[in-house]
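Both of the next two complexes hold chain A, though its partner changes from chain B to chain C.
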Partner chain A sequence: MSSMKSAGITIDTFKKLFTAGKRFDGRGLMEYRPFEVNFEVSNCAEGSARVRLGKSEVIVGVKMNIDKPYPDSPDKGNLMVSADLLPLASPRFEAGPPKFDAIELPRLVDRAIRESGMINLKELVVTPGEKVWTVIIDIYPINADGNLIDAASIGAAAALKSAVIPGITEAGTPDYKHRTKKKLPLSDETLPLSITVFKLGNTLFLDPTREEEEASETRTTFGVSKWKGSYMINSCQKSAPVCLTRAEIEEIAKLLPKKYDELNERLKKFL
Partner chain B sequence: MAFKRIDGRKNSDLRPITAKIGVIPNADGSALFAFGNTIAIAAVYGPRLLHPQHMQDPETGILRVNYDLLSFSVNDRKKPGPSRRSQEISKVTEWALSPVLDLKEFPNTVIDVQIYIIQADAGTRTAGINAASMALAHAGIPMRNLVCSVAVGKQDKEIVVDLTKAEEDFDGGEGPTDFPLAKIANTDQYTLLQLDGKIPAERVSEVLTIADQAFANIYEAQKKALKEEFS
Partner chain C sequence: MNQQIDEAQEAEPMETEQSTKKRRVVVPGEVIVSGEDFLPSEGARREGQDILASRFGLAEEAGRVIKVIPITGAFIPRRNSVVLGRVTQITLNGWVIDIDAASSGFLPIDESPRFINKNEMDQFLAIGDVVAAKIWSINVRGIDLTLKGKGLGKLEGGFIFRVSPNSVPRIIGREGSMISLIKERTGCDIGAGQNGWVWVQSDNLDSQIQARKAIEFVSENVHVDGLTEKVEGLLNK
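And then the complex of A and B:
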């Protein structure tokens, strides 16, 4: 989300620090900031969560509608992910039509969740071929201090875990006043998380603050999950006109399972 | 039973490549690139002065890519106009091509790259990148090298190169995985890295190795077309 170019002197300072393996806040290059997750942000949502990752804060809500299935998946419920980079959250965010960052963020979260198979969409059919549940995940950053994609993915996973399916009225519409006790059909094993690797000069690092993120040259987001006991990469996207070398890609592939376990352990405490 | 691809190709085989230069006479550079039934055309206009003026950067030129599908390039008519998908692909294509250009040579300008898919059978972004890379060379824009792009996929546990739509829709075992890559020819510098599906982290290396032969073949086809044009 670096919409502002950093000054040359800032970039040089970070390059020197990172080469020495140091950061302003004393963390290691591959260390995430502490995070906490709370639930029930809005009692009108089917599920919701608030994530604080360092000073970055994101709230995520899950709403459900009954719609027609997509023509290419008549036997599956629908999943939609949207995000709005509110001008409330950062001096860098502006009102108006969504900029590229606001399009990319929900698409990355969507792919990580969808491809992992965390949600069994086949169980969200109301009337086969006619009516299915649409699960809509809406992401709002409240305070943007770097690494919003990873924060949003933690929030989305947590909000899904907390979601409860609404009732259905006699007319076949959702009954939000009389919720069922039924949770969403989620896999017990598979919990997708996004891990975004940033690069400045020749150094790779994780979970930047806004200042570090703005100084970085490229970021690559990986959706990672565990599936039948193996660590799967479910999605990936590199940003910015800077290359990654083969050695770097291989180093990242080795790092992902370790970081996934660490984040997953930390998230489980809140679920 | 041994694994067999739907169209009988070996796992490391590309579809037949078609590469042509100069398909759009009005453009400063243009090219067509096809992987089997996936056909992409690209035109380059520029470097030319960027408008509106306040977008100009006196330190560097900019690359602006637009990728889209023609409405009849897919079975269900694609509504004309940009979608979120096409905006994202335009952006990743821009990122995939920029590293080979030295745009500082052309301050205040824009290089426009227009990519359209005429017929789609999976692998459209990679065909588009290959076409655009050739079109940039045809336009005489100084480049470090060509960019080559291919999608590697996985069907259940088999790693295969250059998937067709039928292969992308594969539904069994570990399901389909689509892993589009681009790199600067003859280097180990990757400029595009995307993925959808399920691939074990420890098999990434294997994917990069199988992609290398494909990159070499694509590079040869691109070079051959350019040489024919300029000989």
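And then the complex of A and C:
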């Protein structure tokens, strides 16, 4: 058993620190930790990326398979995002059926990617109404030191950028041994990233470490992208019962474009 | 108060900071020495002629006895260890305390330092409070804790953070030398539990951050020689 919640005195100290605009690792409240991205970490996946955001580490793989389209979208490919919170990543994660966090994480990443229109799913049709490509994004946290959602979304965007479509055999099944050089039909314009804003007491902060995340009172994840020069919020989800004030939401609205540009610039160096 | 926590720790078999004994880093399966003359102790085992390490840590030869002081690993509760823990539950006759071990600790109401009214137990310790407690017994039901003793009790103010439990002896240092150095230079109250939880308290936020940095530095550089000087250098910056 491991303690999930922070001690009362620790939360009080964090409140005092954040009010003074300080953090234990010397960052500003709205500052992301440095991150690096490596590609081709899995040779079985069609595209993969490993993201290290501070001490948090996530491996994301993209697998392609030929499947039937969903009945409501016969002219579109499928997108599936799944995650497995491995016990090796954190003493907080247990083996067994997925719990709340393990279901929420891939759904947040899924919505941010799907609603941004980054993947043109219509181009993934092999035979209309019968056979379409299914893009499967698998997220594996290797070390959880807070802010897994943002790390996973950076990883998913990077892995998609590096993915290639496998060949098709005569029987109409994917031929994984002979990959084409064809990249996925991705939009060059838009790169969806999620930005998660945390709140403790009266202060907002970004990119928490594990202990900061455990001390935080509420969390809101925004899926942000840029489309034809304007910033878009593609998805948004808030957790925990503590509310955000109107002034705080306005502050977030001003913050999101700046942070999106910053992350985008940093990610583009690796692509 | 925290001075007393360290005094309570003194019963612990402590790893001394500057040792004249030879030490080197070994990995599991590595041959430390060969020969019939040696005896394997904690963290080491014999296979034929060789003494092998069974843990990752520092191999130490003390005469004929070979032992490995682990660098990594979980906290293994031992009797008389002083630990820091967090109250997770209040039951009819005591408090359930998370001490970051495989099983949680139980602090019976009779083991509190003064009389507690059973109806007002949360006046003394509420959920989320942090205590310094001593492991009183370990049995099949779990770990029993006590607050009777010098320096034990509820911790007020400050914050808790975690380091590797194996680095705690080094953080305390020989007869508390390292911890008192950090305390002196930063002006913080510091208490370290054997389970790797460290409590730091000060009214000054910057000195809290500095104290934490120094402790984490020690924790990450356990096997480095001349650590005291390096910590002094870090604190003088």
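Throughout what follows, the second predicted complex is superposed on the first by the 268 of 271 C-alpha atoms of A that agree within 3 Å, B and C clash if a C-alpha of one lies under 4 Å from a C-alpha of the other, contacts with A are read in each partner's own complex, and residues count from 1 in each chain.
One rule holds in what follows: contacts are C-beta pairs under 8 Å (C-beta built on N, C-alpha and C of every residue); 3 or more make two chains touch, one makes a residue touch a chain.
Quick caveat, the model's predicted, so the values are computed rather than measured.
Peer 1: Since both structures carry chain A, what do chain B and chain C do when superposed there: clash or fit?
Peer 2: Chain B and chain C fit side by side in the superposed model.
Peer 1: In the superposed arrangement, does chain B or chain C reach more residues of chain A?
Peer 2: Of chain B and chain C, the partner in contact with more residues of chain A is B.
Peer 1: Looking at A:V126 after the superposition, I want to know if it touches chain B, chain C, both of them or none. Which is it: first, second, both, neither?
Peer 2: neither
Peer 1: Quick check for you: in the superposed arrangement, does A:E211 touch first (chain B), second (chain C), both or neither?
Peer 2: Touch partner of A:E211: chain C, not chain B.
Peer 1: Please indicate which partner A:E250 is in contact with in the superposed arrangement: first for chain B, second for chain C, both, or neither.
Peer 2: So A:E250 only meets chain B here.
Peer 1: Give one of first, second, both or neither to describe whether A:K5 is in contact with chain B, with chain C, with both, or with none.
Peer 2: Once the two structures are laid over each other on A, A:K5 reaches chain C alone.
Peer 1: Applying the document's definition of touch, where does A:V164 land relative to chain B and chain C: first, second, both, or neither?
Peer 2: A:V164: touches no partner chain.
Peer 1: Please work out whether A:F14 is in contact with chain B alone, chain C alone, both, or neither, and reply first, second, both or neither.
Peer 2: Touch status of A:F14: second partner only.
Peer 1: In the combined three-chain arrangement, what's the angle at chain A toward chain B and chain C (CA centres, steps of 10°)?
Peer 2: That angle rounds to 100 degrees.
Peer 1: Output check: A:F24 vs chain B and chain C. Expected answer is one of first, second, both, neither. What do you get?
Peer 2: In the superposition, A:F24 contacts chain C only.
Peer 1: Contact-wise, after the overlay, does A:I142 reach chain B, chain C, both or neither (first, second, both, neither)?
Peer 2: It touches nothing on chain B or chain C.
Peer 1: Please work out how little space separates the C-alpha atoms of chain B and chain C at their nearest point after superposition, in whole Å.
Peer 2: 6
Peer 1: Please report the chain A residues shared by its interface with chain B and its interface with chain C.
Peer 2: Shared contact residues on chain A (touching chain B in one complex, chain C in the other): none at all.
Peer 1: Where on chain A does chain C make contact in their complex?
Peer 2: Contacts found on chain A: 1-3, 5-14, 16-17, 20, 22, 24, 26, 211.
Peer 1: Flag every residue of chain A that touches chain B in the complex, lowest number first.
Peer 2: Contact set of chain A toward chain B: 71, 100, 103-104, 107, 111, 115-117, 220, 222, 224, 227, 230-247, 249-250, 253-254, 256-257.
Peer 1: Across the complex, what residues on chain B touch chain A?
Peer 2: On the chain B side, the touching residues are 63, 76, 84, 87-88, 91-92, 94-95, 97-99, 179, 183-184, 188-202, 204-205, 208.
Peer 1: If you look only at chain C, which of its residues touch chain A in the complex?
Peer 2: Its residues touching chain A are 86, 88, 98, 100, 102-104, 126, 128-130, 155-161, 205-206, 208-209, 212.
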